[in-house]
Structure formats: C-alpha cells, structure tokens
Amino acid sequence: MKQSTKFGLAAGFAGAALFAALPAWAQAPAAAAAPAAPFVPTAAMVNKGDTAWMLVSSALVLMMSVPGLALFYGGLVRTKNMLSVLMQVFMIVCIAALVWASWGYTMAFTGGSGALAPYVGGFGKLFLKGVDASTLSATFSNGVYIPEYAYVVFQMTFACITPALIVGAFAERVKFTPLMLFMVAWMTIVYFPIAHMVWYWAGPDFLPAAPADFGFLYGKGARDFAGGTVVHINAGIAGLVGCIVIGKRVGYGKEPMPPHSLTMTMIGASLLWVGWFGFNAGSNLESNGLAALAFINTFVATAAAAVSWAVIDQVKHGKPSLLGAVTGAVAGLVAITPASGFASPMTSIVLGLLVSPLCFFFVTTVKKLGKYDDSLDVFGVHCIGGIFGALGTGIVADPALGGQGWIDYTAPVAKAGVYDMATQLWTQAEAVGITLGWSGGVSLILFLALKYTVGIRPSEEVEHEGLDINEHGERAYNY
Amino acid sequence: MKLVIAIIKPFKLDEVREALTEIGVAGMTVTEVKGFGRQKGQTEIYRGAEYSTNMVPKIKIEVVCGNDLVSKVVESIQASANTGAIGDGKIFVLDVGQAVRIRTGETDETAL
Amino acid sequence: MKQSTKFGLAAGFAGAALFAALPAWAQAPAAAAAPAAPFVPTAAMVNKGDTAWMLVSSALVLMMSVPGLALFYGGLVRTKNMLSVLMQVFMIVCIAALVWASWGYTMAFTGGSGALAPYVGGFGKLFLKGVDASTLSATFSNGVYIPEYAYVVFQMTFACITPALIVGAFAERVKFTPLMLFMVAWMTIVYFPIAHMVWYWAGPDFLPAAPADFGFLYGKGARDFAGGTVVHINAGIAGLVGCIVIGKRVGYGKEPMPPHSLTMTMIGASLLWVGWFGFNAGSNLESNGLAALAFINTFVATAAAAVSWAVIDQVKHGKPSLLGAVTGAVAGLVAITPASGFASPMTSIVLGLLVSPLCFFFVTTVKKLGKYDDSLDVFGVHCIGGIFGALGTGIVADPALGGQGWIDYTAPVAKAGVYDMATQLWTQAEAVGITLGWSGGVSLILFLALKYTVGIRPSEEVEHEGLDINEHGERAYNY
Amino acid sequence: MKQSTKFGLAAGFAGAALFAALPAWAQAPAAAAAPAAPFVPTAAMVNKGDTAWMLVSSALVLMMSVPGLALFYGGLVRTKNMLSVLMQVFMIVCIAALVWASWGYTMAFTGGSGALAPYVGGFGKLFLKGVDASTLSATFSNGVYIPEYAYVVFQMTFACITPALIVGAFAERVKFTPLMLFMVAWMTIVYFPIAHMVWYWAGPDFLPAAPADFGFLYGKGARDFAGGTVVHINAGIAGLVGCIVIGKRVGYGKEPMPPHSLTMTMIGASLLWVGWFGFNAGSNLESNGLAALAFINTFVATAAAAVSWAVIDQVKHGKPSLLGAVTGAVAGLVAITPASGFASPMTSIVLGLLVSPLCFFFVTTVKKLGKYDDSLDVFGVHCIGGIFGALGTGIVADPALGGQGWIDYTAPVAKAGVYDMATQLWTQAEAVGITLGWSGGVSLILFLALKYTVGIRPSEEVEHEGLDINEHGERAYNY
Amino acid sequence: MKLVIAIIKPFKLDEVREALTEIGVAGMTVTEVKGFGRQKGQTEIYRGAEYSTNMVPKIKIEVVCGNDLVSKVVESIQASANTGAIGDGKIFVLDVGQAVRIRTGETDETAL
Amino acid sequence: MKLVIAIIKPFKLDEVREALTEIGVAGMTVTEVKGFGRQKGQTEIYRGAEYSTNMVPKIKIEVVCGNDLVSKVVESIQASANTGAIGDGKIFVLDVGQAVRIRTGETDETAL
C-alpha cells in the first residue's frame, strides 16, 4: 500500500542521533535496503506519542480557526458586521471539513495519473474510501508512521483555515451564500492542487522505489514546512483579488471604521499563537526534537515580530498600539510558518524582526497607494508575510546559518543533502510565483463569475445597516 | 436661545456635524437612542423565536444656539440628514432660558 | 487488583494490526492465556503516549465546561443574568470535582456488592483510598493500561460537565444555593449509578475470570462511546423536568429575550467543539487509530450538523443564522458522542445532517406546543440529540455500514463479535428508556422537594432586576 | 555533556514500579552503575510521549498568559484601561521570550562558575549556543530524557508569565515603556538567579558524579514543584513593592472602580485553570502517573479553593460572588503549584480550602490596613497564596500524609529519602524568605530608579482619561 | 406641541409603548439612562470593596405630541408604567416651538 | 419648574451628584453622551488609519427642580464640575410645564 505524506523536502538532522532513536525502523532493515520488495509499514511502526501529538495538533489548529481567527477578524469590524464575520469563518470551516473528507484529501494526498499527476491527486480515496482505523501515513522518517485518520484530520484543519483567511480582505461587504460557493470552488480548483504540488510525495520508504511519485513543486525542491505558500500566499492573493473585484466599503476613507472590540482581536491573536504550535510543530508529524525546534521557532519569531511592530508604532506615531503588536505577532507567525522546521531560534528571531516593517509598509503605504480596501489586511499580512517567509526559508534553512538543510530521500535510508542557497532561493521564488499566479488567476475568474451572476455584494442600504441583521437576522450584542 | 433636538440616522452623523460646523455651530451633544416610528425595525430570529423589535437605532443631536441661528441650524440639519427614505428622523426646537459655561461661568450666548 | 474501565462494548478493529502493535501485551501471554492465575498489570503495560493523551483530553474536557459551556449558555441570556450562568457552571464544576474525588469515582467505577452491584459501585475507593501514582486502570485493549489517576481525572471532567449542562433549561430564574444542593443530590443518586450501569466493567484482562463483573446496561450490551446516555440524555431530561417544575420566566412569550452576546455564544460553541475531541477521542483511552477515528468522526459530524441547521434556517427564515449554525454544531457533537468510536466518517456525516432537523423541530414546534420554557434548549438539543445519537449508534456501528462492530471480551484475548443490528437497536432503546426514567423521575422528586422546602425560584422582583445583582452582588459589565 | 533540569527535589515513588517501567534506563545500567565513566544520554532515552506532553504543556502555559492572565486582569480594570493591561501582558510575554532565549536560559539552567555558581548560571548557552534538535535535557528519572528545545521552551513559558503577573499590582497607572525596562532588568537580576537557585541541578544521572552541581536552594533541599517561590512569591512581592512606590490610583477609595467585564475575568480564570495543568503537571517533565497526580491535585485544590471563597462570600456578604469564586480558584492554583507533585488529592483539597480564607483576609483587611492600592491583588493572592503553598508543601509532601516524600539522587540509582517534616518546613521557610528579600529588595531599587529618572507614572490627566487612548492611541471598544 | 419626557423602569418599556400606540402616538425616542432618586441602587461588592452605586438603570422615553394629546399621553404613561413601587419614575412636559420631519420637510404637527 | 441640563466630564459625576444632594435635590437622571466642542478628541490610530474622532465622552445630567432652587442648582453644578480646563461643559435651563410622579400620580413640585 502506497502512503501519502507531507512536505517536499523535510528537515535534515544535525546528527544521526534521532535516526538511531527509531527502533521500529531498525526492525525493518531488509525492507528498507531492498526497495524491489514492496515496503509494507506495520502497526509496530506507529508510536502512540506521535499519534497523541498529531491529534492534539489537529485540535489546536481547529482552535486557530474557531474561535481564534473568527475573533481576530471579528474584533476588527464594526459591531453591525460582527456576526457576519463569525458566521463566515465558522461555516467555511464546516463546509471545508465536509469537502475535504469528500474529495479534498484524495485530490491533495494521493498520487494522480497521467500528465496531471504532478498537479493534482487521483480519486482513489474519494469519500475516504480505503482509509480505516488501521491504515497508516508516512512521516519524514524512515520506518515511522502515524494512523492515516490522524493525518487526514490534521490536514483537514489546514483545509479549514486557509479559505477562512480570505474573508478578511472583503469583510463587511459580501453576500453570504455566494461566498460559500466561491469557497467550495476555490478549494477544489486552487487549494487541493497547490497542496498536492507542494506537499505530496510517496514518503521516505517508498520514494526510492517510486522516484517520481511527488507533486510538481515538491519535485522542484521547494520547501514549505507548514504552509507559507499553500496557506498564506494562496489565501492572501485570493483576498486581494476579491477585495478589488468587490470594491471598497461604502464610506471607506470618509467615515471612521474603528475596530469594535480590540479585546476580541487580542483574544483571537492569542489563540492563533497558541494554536499555531499545532500548525507548525504538528507539521513535523512526529513529536521529537525537530517538533520542539519548530515549536520554539514559532514562539520566538512571533515574539520578535510583535516587538518589532510595537517599536515601529512607537517611532511613527509615538505610541505602541495593541493592534500593532498583535498584527506583528500574526505577521511573525505567517513568516515563520514555512521556515519553522528549518530555521534555528536565532534566525527565526531575525525573520520575525524583519517581517513587521515589511508588512507595516504594505498595510499602510502600499494599501494607500494601491487604493484597494483590504479590510483586515489579508494581503498585507498573510500574502506579503508568506512571501517573505517562503523566500526567507531558502536562507535560514542553510546549515551554514544553523539551519536544518534538506534530506535526500532517494536513497533507501534518507541522508542529508548538500545545500545550495542560491538554487534553493530560486526554487522558493518559483513556488511563490506559481502560487500567486494560479490562486490569483482562478480567484479573479471565480469572483467575476459570481459578481455577474448571483452577485457577491449586498446593496448599499444593507451595508449601511450592517450584514448581521440583514444577512443573518441577528445582532451580535443586546446589552 | 433655542435647543434644537434632531433624531437622525446613525450613519448621517458625520455629515450633519460637518454641515453644522460650516454654519458656525461650535458645539453639540450626541446620544445613541432607539427610535420608534413609521420605519419598521428588522426582525430578529433566535432559534425560531421571532422578535420584531420595532426599535431602530438612531442618533440624537442636541444643539443650543442663539435665536438668530436657529433657522439655519434646522435647515442645515434637514438638508444634510435627508436621504428621502422613511426613518430620516425629526427636528424639534425648544426654548432655553439660560446657558452657562462651566469652565468660565460665562452665561447665555457667550456660553455656547 | 481489579481494575475499572469504561464502556460496555468497545470498538472492534478492522484488522488485527492494532493488537499486534502492543508489545506489552505480547510480553504477558501467559497471564492472558491462563485466566485462572490472577492477572496483574505491570507498569510496562503503560504507554506514555496514552498517558499524555489522557491528560490532554482531561484538560480539553475541562475547557468545554469552563469557559466553553459557560460562555455558550451565558451569551444566550440577558445581560442581567450573565454572571449567574457563569457562576452556576463554574461552581458546579468545582463542587462536582470534589464530590467525584470523594464518593463519585468509587460509586461509578468500582464493583459493587450484592443485589445492587449491577446498578452502583462500592465504597472501596471512598476519598480515592488505594489510588496512587502507581495504580493502573484498564483500557479496551488487552495488556494496555493507563495510570489510574489519569483515568480518575478524565472521568472527573465528565462528572463536572454533565450537571452543568442541566442549568441551561431554567436559566434566568433559579436560586443559586438550592441549585447547588440539587446538583450534589443528582450526581449521587442519578449520575454515578447511570455511569456505573453503562460504563463499568472489569476490563479486558479481567473479564474472562469475572464474567459478570459489569454494570447493568453494559451487561445488556448497550454501547455509549463517550456519553450519549450518561451525559446528554441524563442531563437533558433533568433539565426538562426542572424547567417545568420551576415554571416559565416572567414575561416569557411577551417580552423579547434576545441573547445578550452571540459573540460569547460563538466562542463557547467553538471551545466546546475543540474540547469535545478530548471528550470523544479521549474516551478511547488510548492514542491510536481508533482515537483518530473518533476524532475525525467528531469533526465531520459537527460540521455536517452546523451546515444542516444553517440550511434549515435559510429555507424557513430566508437567512442562515449564526445561532442556528452553532446550535447545529452542538447538536452534531451530542449526536456523534455515543457513536464516535463506532461510526465511519461518512456515516458520521449522515448522523450530523439528520440530527439538526430533528432538534430544530423540538426547539421550535415541540417547545411551542409543550408550552415549557426550556430557556437554552437543553432538552431539545441535548436530550433529543442524545437519544438520536444513542439509537443511531446501533445502526452506524454495524460493520456492514463501515462501523466498528463490537468486541467480545469474554475470551482471554478479545475478538470481534457478530453484529446484529436489530438486537443492538433494541438494547440501545432500553438504555435510553432507563436513563430517561431514572433521571427524569429522581429529578422530579428532587426539584419538587426543593420547591416546597427552601424554594428554588427567586421572587419576581429579583427576576426583573436580574440574578446577577441580587444573587451575586455583581454586574457582568460596567462599560 | 552536562544537562540541566528542574526542581531541587523531585517526587518519590510509592513503589519501584515506575522505575521498572523505563526500558531505556535498563539498557544503560553500566553507565548508571559506574559514575566514574561519564554518563552520555542517548536518543533512545527519549520517549515521544514525554516530548508530546512537554510541547502540549508549553502551549498550555502560553495560553495561561495570553489570553488567560491578560483577560483575568483586563476584565477587572475600567474600560479606559483595558487595552493597557492586555498590551502590557502581551508585550511582556514577547520580550520575556526573547530575553529567555538570549540570556535567560543560560543564566538559569547551566552550571555557573566560581563563588557565584550556586546563585546564577554561566553564559555557555548564550543565545542558545550549543542547543540543537538532538541535545537532551534530564528529567527526574534516571535514564529518561527530553529534547532540550522542549525543555527550553517549556521553561520559556514560565519566564513569560512570571513578570506578567506583576503588572496587576499597579494596573491603571503605569507608563508602558518604563514598565518594559523594569521587566527586562527584573528578569535578569531577579528571576533567572532565583530560578537557578531553586531549580538548577545536574540531573539524576549526573549528580552522583557532580554532587555539588546545583543551585543554592536546591542544595538546601527546598522543594518547589512548579513555581511557588520562583513564580508566585517572586512576582507577588515585586508587585507589592511596585504598587507602593507608584502610589494609589487617583480617586482610589473615593470613586467606584468596578471591574469593567467580569465575563472577561471569568474567561481568563478558566483559561488559567486549563493552562495550569501544563504548568503543574508539565513540570513533572514526563507523562506518567506522577504527572497524573500533579494534574488531579491541581484540579481538586482549585475546586476546593473556589468553593471555599464562595462560602466566605456567602457568610460575609450574604451572596457568593463570581469574582470571589474565580479569585479563590486562582488562589488555589497558586497554593497547589509548589505542592502539586508532592501532595495527595485529599491533602490538596485541604490546601485549597485553607488558602482562600487566608487570601481573603489579605485582599480585604490587610490591604485596607496597609493602605496600599494593589489594584488586582497580586500580593494578596499570588504572594500570600504562594507562601502558603510553599510552606504547605513541606507538610503535604510527608509520606505519612500520603505525600511523595523526596528522592535521594546522590546514589547512582535514585531512591526515596527519609522525610523529616520540621527540617523540610524550615528549609521551605528559608526559600520563601530569600525570595521575598531578593525580589523585594531589587524591585524596590529598580522602581525607585525608574521613578526618579524616566518616570513610571503617567500624569493625573492621562490617568483620568485612561491609559488606552493616551498610551496606546486606541480604545478597547467602539460599540 | 409638547415634549413629554418619561423616566420609567426598563421592563415597563413594552407596555408603555403599546399603551401609547393605542392612543395614537406614532413615534417616540428611547434612551437608556441611569436614575438617582428615592429608589436605592443595589450594593455591588468586588473582593470586599463595596460600591453602593445609587444609580438605577432606567429608560427615558421622549414623545412629542400635539397639545390636545398631551394629557392622554401623560395619563397613559402614568397608568402603564405604574407598579406602585418606589422608582416608578417621573413624567415631565415641556413646550416645543417647532417640529420638522427631515424626510419631507413637513413642519409642526404634521411632522409628528 | 425648570429642567436643568448639564453636560460634564465623566469623572466629575460623583462630585456633582454629592453637591446636588447637599442642596436638597432628591433626584436626577444621567445619560452617557458624546460631546463635540472646543475640546479636541484624542486621535486613534488603527494600523496606520488615523481617526480624529472630535467626539469626547461626556455625562449629561438632567434635574428638574422648582423655580426657587434653579439658581442654586446651576451654581452648585458649576462649582462642582469645574476643573478650569477646556471641555468642562455647559448648563442649560429650560421651562417645564408639568411634572408627574408615576407611582403616586402626584403632580408638579410635589412630584419631584
């Protein structure tokens, strides 16, 4: 049985110590040494500590979306639109889970066929056919497996949060049902293929026997530990396109539109941070020293970016703002996401310190110049932060800078590859470009199609009165 | 002196304030209120329980001004708060007997 | 030493793979093969991954109660009663923890004596006597154990949330201290016995030698993976009885009583969802493929039920509401609870899709017809959703539908049993009926007793002004 | 390579069972038996279940700070100062993380040199030099190790929350930037040395060969399982000094200053409780029966203290208040912190029941008599509760009371030591006294230095208008 | 025209609104206020600190009506807002000089 | 009778209330409002977007009193609400034609 797993190139280990720690693998040397005989992972290759970690990580990533992201976004809109944001995020998570279980997992994480194979998976696991409580998924280590359901559900949480990120770009002025239609189409045409291109590969024990069984960008050597391209650039560019097609909010630039509750935004940002450990360290698929590395990188990059943004606020406006600090924190989380398993804590801090000024420039100067109304700065924070992180990964992964380098899995037993920063950077740029182009292009078509058919924007009067009462028949608060 | 009370739609507040500033009104006091009138409130439904609140969020503006300015104030509000749709609101004018500026103790028109 | 564990019948495995994965068990074949020699679990049978998972699950279930349930309920009441709900839930959790450690655990999870043995445990572990850091509790697998304290605390969280669920039914009109008295009595007379009847058994390694050492409903073959009967039906019917005895809120049906903060309700629902993974997947007691199955089932059933309720809202009122979506999510969580370890993801989705229309019918039409004021729909969502889930478990557990069937533990090494859906459904219905009868009946007596002694309802004036200021001397908000 | 770990004296085991459960240790008997040959921990001594547990615990402790503590504190201030509290806590966490990774970890958890060695660590791991994904940290068991990054990050979360606790004492009247300066200095001069003195030691496999390689208070035999002295007394006394130096809030005692949102305070308290399991049970460094013990102790002590405070409220004011209940819960958490791995559930309940009246007395009577304005009762709850817990640990750890006693690690294989309560109590008192003196004294100098240089208190007008708009340029709510 | 200001207990709002609608009042404006008077506020206690706020939540209703309707309006409010307990509130009547409907510019009684 | 309306700084409320109680005012009604005037609002900045709200939180006090008490009420408010800084607020006095105590139906000065 062929097993699917995640990440084009996984982290190399500073020493062989961690490999030696895998008794299960040691028990299967014959299988690993002779790729001609088909490798069969056994239940003994599953460690309950890994399983526990993957389940916890999945719960943490769900917490990032609901209530995390919903509150982070919701606090920033006006009272009259609070529920619309909560509802959009909540329902996208629900719909995405159903879509993922139905046709997403198979499209992203099985081998496809024919010329399309590098770009999208097959339909062998439609409706999770063939997946059961005893099937296994590969990790990045030879001879280490996790229950396939754990892998399906962990990846499900990624499929849930990514489309939800998009809605911030055109918050306060979008019709609910058309938005849900967009999301189903976008996941199917954009998210699953990109996830397949970047993350699909046969797994360490299978790759030697199937050296071309991987996604297009994986094959190119692009690395994205936890979703800089697949999640943040992907969603960020779709958001930008959406907010331009939909147009500015009524009164934008004239009326004040202050956040209705920075308290909620702070709660959301905090839960995003806490949950993001599942996102990043969980993406290691094993609970070992590398997961701990991804964890600490995620911690310090975020802290650095928050401090960095607060300092910018102080310098520019004389006052460090909470919204600045938490925006910086999120920018730091975005930037470290693709790099979290490759960087060292000190290079993570550098990434964090640098991403904030860049994003600050985009959410202030560029947004003003570009005259687009990206309500909650999905482009400025997620897309730009994601691009910065994706390119930065190419730098900080360099073992010369304390990075984890890359692992060559083509041999029966994986070993560290030779690192070439220039090549890697170029590959990273290609992955960024392809994601921007595909997600941006398809999103444009989808938004335009909706705009000129069912309509995507509510009437001006509805916008004045608020989406909550008009689209959902409720008010957020009745104090 | 007169007290001009205007009940307007919330999103018109900025326009009205600007219009009043232009004609020389230096101060006003603003309150969030709920209005009941011809304009029907939205229906809220919570787990099947429907509430037709009948109450619509409004903004109440209170301006005290000299007698000479009153008609301009009223006209200016009427012009700037108008959308032509039901629920645009009302303007009421009352007599004010006395005005005091707390800071200085100045009284009447100089207090405004 | 005899060990206690949970669940009448545990999940069967699609293959023997997971069994083979248990080296600890393999080391004790003699003990297992020869039940005549008393089996003694050893520390080597404990896996740290399982322990980590049980501790995390316990923390998650506490998070379901506080702040999860407290916010879900609290957001739905009027501002003047917000604190009363938060306080009721918080204090019930605290008191329940103390009661559980004192006499609850022993009443639920030790073997009783004499004719009462099938209905309630003994008092051998009163005040946790005999439990220490080295004692162990059985799981559903031969030769797999967890620290007994982990089991005690995991079950403690269930004992904390179940009584807290009840208060939603008569929120906004109940006196605090009498309510606490009710809860202590209800736990003692209703919850512990029902938990014993449904979940107590000797454990897989002990059962062959003690083939009658189990609770009454366990013995009948009723299955309730994580608490459909013990938690939701149990609490739901007590709530219905309570709201009828206490009577309607002053002004009910005349004054509008809109939720004071759907934002809080959404946060609460989200944390319930996140925490429920501990509740359901934790109930597997091991972090393996079956826990992952329970996890994904919990995820997709919830998503399906939320979508389903939103669609009903759209059809009936033209607007999908957030309150509808999160109510659906909770209904889905309730319905999947007893089935989470038995269903497949696709049958879980079906359960989710169907539970929402059923609950919708109860919280709208039936409640109106019945003229009872179940303030927060504890009956309509928890009791009805729980009944639906309990019966549905009998269907979706069928291996013919991709379910996990049942395990026959009477042999020294457990093996899959033959599944008969009709029999199972009948058994499930019996468990439902007994729970409804016992909890409903005892609750009626308790509420009436309180009503005619210390009184259970505050004066009309207090109700007008709000419970917060009158019962607790505080206000929730001073903006 | 010498490894650092935590806790002066760890818990003794009721039996040898848990030791026997460690196969890794069994594989290294030679190393353990012959301390002359330097012991080298191997990757095989790492259990993935432990790693998973430490990562989860770290995430939980971060959740305690943000959003937990921030909300607990924030809800208690007036609306106009809400953001200032959120911002202070959030930024302290960020800055502390950077400081910890830069020079905190090495100062606290490496062996120092010369006469200062007992009081502060060296600089060998400045900027985490030498720490990588394969280095390991010791636990309290021979032959059991965790990834060093996991240990660094777990301890990082403690370094983040401790200074954040302080701000509650002078909330609503402090300037942001000077406060941040204070925190960096306080961590460096107070927190890292105290952590070193109490928690640093060579580890069970190294101690026999290096019998003097430990911190000053560790050497004296002081025991502090999860931070009664290091965290709570340390922060609490600093808070008291701060609030006295800064002075009372304008209008204190004249204007009403009711909490602006007890809802937020309740959310914060609940998340503190949930996260505290990571804090206490995580401090066991392994996911085993002792972690489960610390977990259940944390649960029931909190519950008991909440109930106890509610009863006092009822008796004194006729009404049990939510703020009382959650304050009690936090007091219980504080009290059980140093004792969590040593007490039994029943003695934990006693600790919980007793800490509330004591803290109640301090936050009401003593505060009134002392005429200091400890805005959020950091001294009354954290310092007093911490002192009570630290002394109580000396009592409840006694095996005669069901406690875990202490382990003698000087032998190659650790074994239970003989318990002498009077000696232990005296040692505990010394640790309390040294912490009070050092933290109190240094804090006094730091606060005075800031007061008479950059200034630490905003103008009266700023205080009237609120810190949010003046210090941060934002408002918490724009409903 | 007259402006009738009524301070009432919050839970009486719906009854008063219905009573006014019945006698032909087509509009009114409602504000949440705090009242200080004979009725004592509840004591709030936070960690032992007692606050006797003295302020009780009230609802203020403002109705402008023609002179002929005034006495009926006052009576109707007095009847429907009455509970007989301290704190039921007050009704004040003031003169209104002018009224304008913003939407149409209609003035005085036709504006109501 | 007169209706005295005072717009004051929020933190002065307690002092004003005490001052009024001292001179024998038995009741008043308080509303949270926003004021626009000489006093400039703070600038709020959210991710670089600056809002100069121009609106400052204020408290509006309404006291109805007999004609004899008016000048004492006005003076007392003016004295107790004064800080000498811009934004201290205003006092306006209007005529009240009628007053009713809802509970008892008492009218005019006895109703206060």
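In order of appearance the chains are A, B, C, D, E and F, and numbering begins at 1 in each one.
We take it that contacts are C-beta pairs under 8 Å (C-beta built on N, C-alpha and C of every residue); 3 or more make two chains touch, one makes a residue touch a chain.
Quantities reported herein were computed from a predicted structural model and do not represent experimental measurements.
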**Each chain counted as touching chain C and chain E at once** = B, D
**Prompt:** What shortest step count links chain D and chain E in the network of chain contacts?
**Reply:** 1
**Item:** Separation of chain B from chain F, taking each centre as the mean of its C-alpha atoms, in whole Å
**Value:** 18
**Asked** What is the distance in Å between the mean C-alpha positions of chain A and chain F?
**Response** 54
**Message:** How many angstrom lie between the centres of chain A and chain D, each centre taken as the mean Cα position?
**Reply:** 34
**Fill in**
Note: chain E residues in touch with at least two other chains are 31, 44-46, 85, 94-95
**Request:** Mind pulling the residue numbers of chain C that touch at least two other chains?
**Result:** 47-50, 52, 56, 256, 258-259, 261, 267, 317, 319, 321, 323, 473-475, 477, 479
**Complete:** Here the pairs of chains that touch are A-B, A-C, A-D, A-F, B-C, B-E, B-F, C-D, C-E, D-E, D-F, E-F
**Request:** Report the residues of chain D in contact with chain C in the complex, numbered from low to high.
**Result:** 11, 13-15, 17-18, 20-21, 23, 47-50, 52-53, 56, 60, 78-79, 258-263, 266-267, 269-271, 273-274, 277-278, 281, 286-293, 295-296, 299-300, 302-304, 306-307, 310, 314, 317-323, 325-326, 329, 344-346, 349, 404, 477, 479
**Message:** Looking at the complex, which residues from chain B come into contact with chain E?
**Reply:** 2, 6-8, 31-38, 54-55, 58, 60, 74, 77-78, 81-95
**Request:** Quick one: which bits of chain C touch chain D in the complex? Just the residue numbers, please.
**Result:** 42-44, 46-52, 54-56, 58-59, 62-63, 66-67, 70-71, 74, 82-83, 86-87, 90-91, 93-95, 97-98, 101, 127-128, 132-135, 147-150, 152-153, 156, 176-177, 261, 264, 267, 471-479
**Of all residues in chain B, those that touch chain C in their complex** = 44-49, 51, 53
**Prompt:** Touching chain A in the complex: which residues of chain B?
**Reply:** 11, 14, 42-46
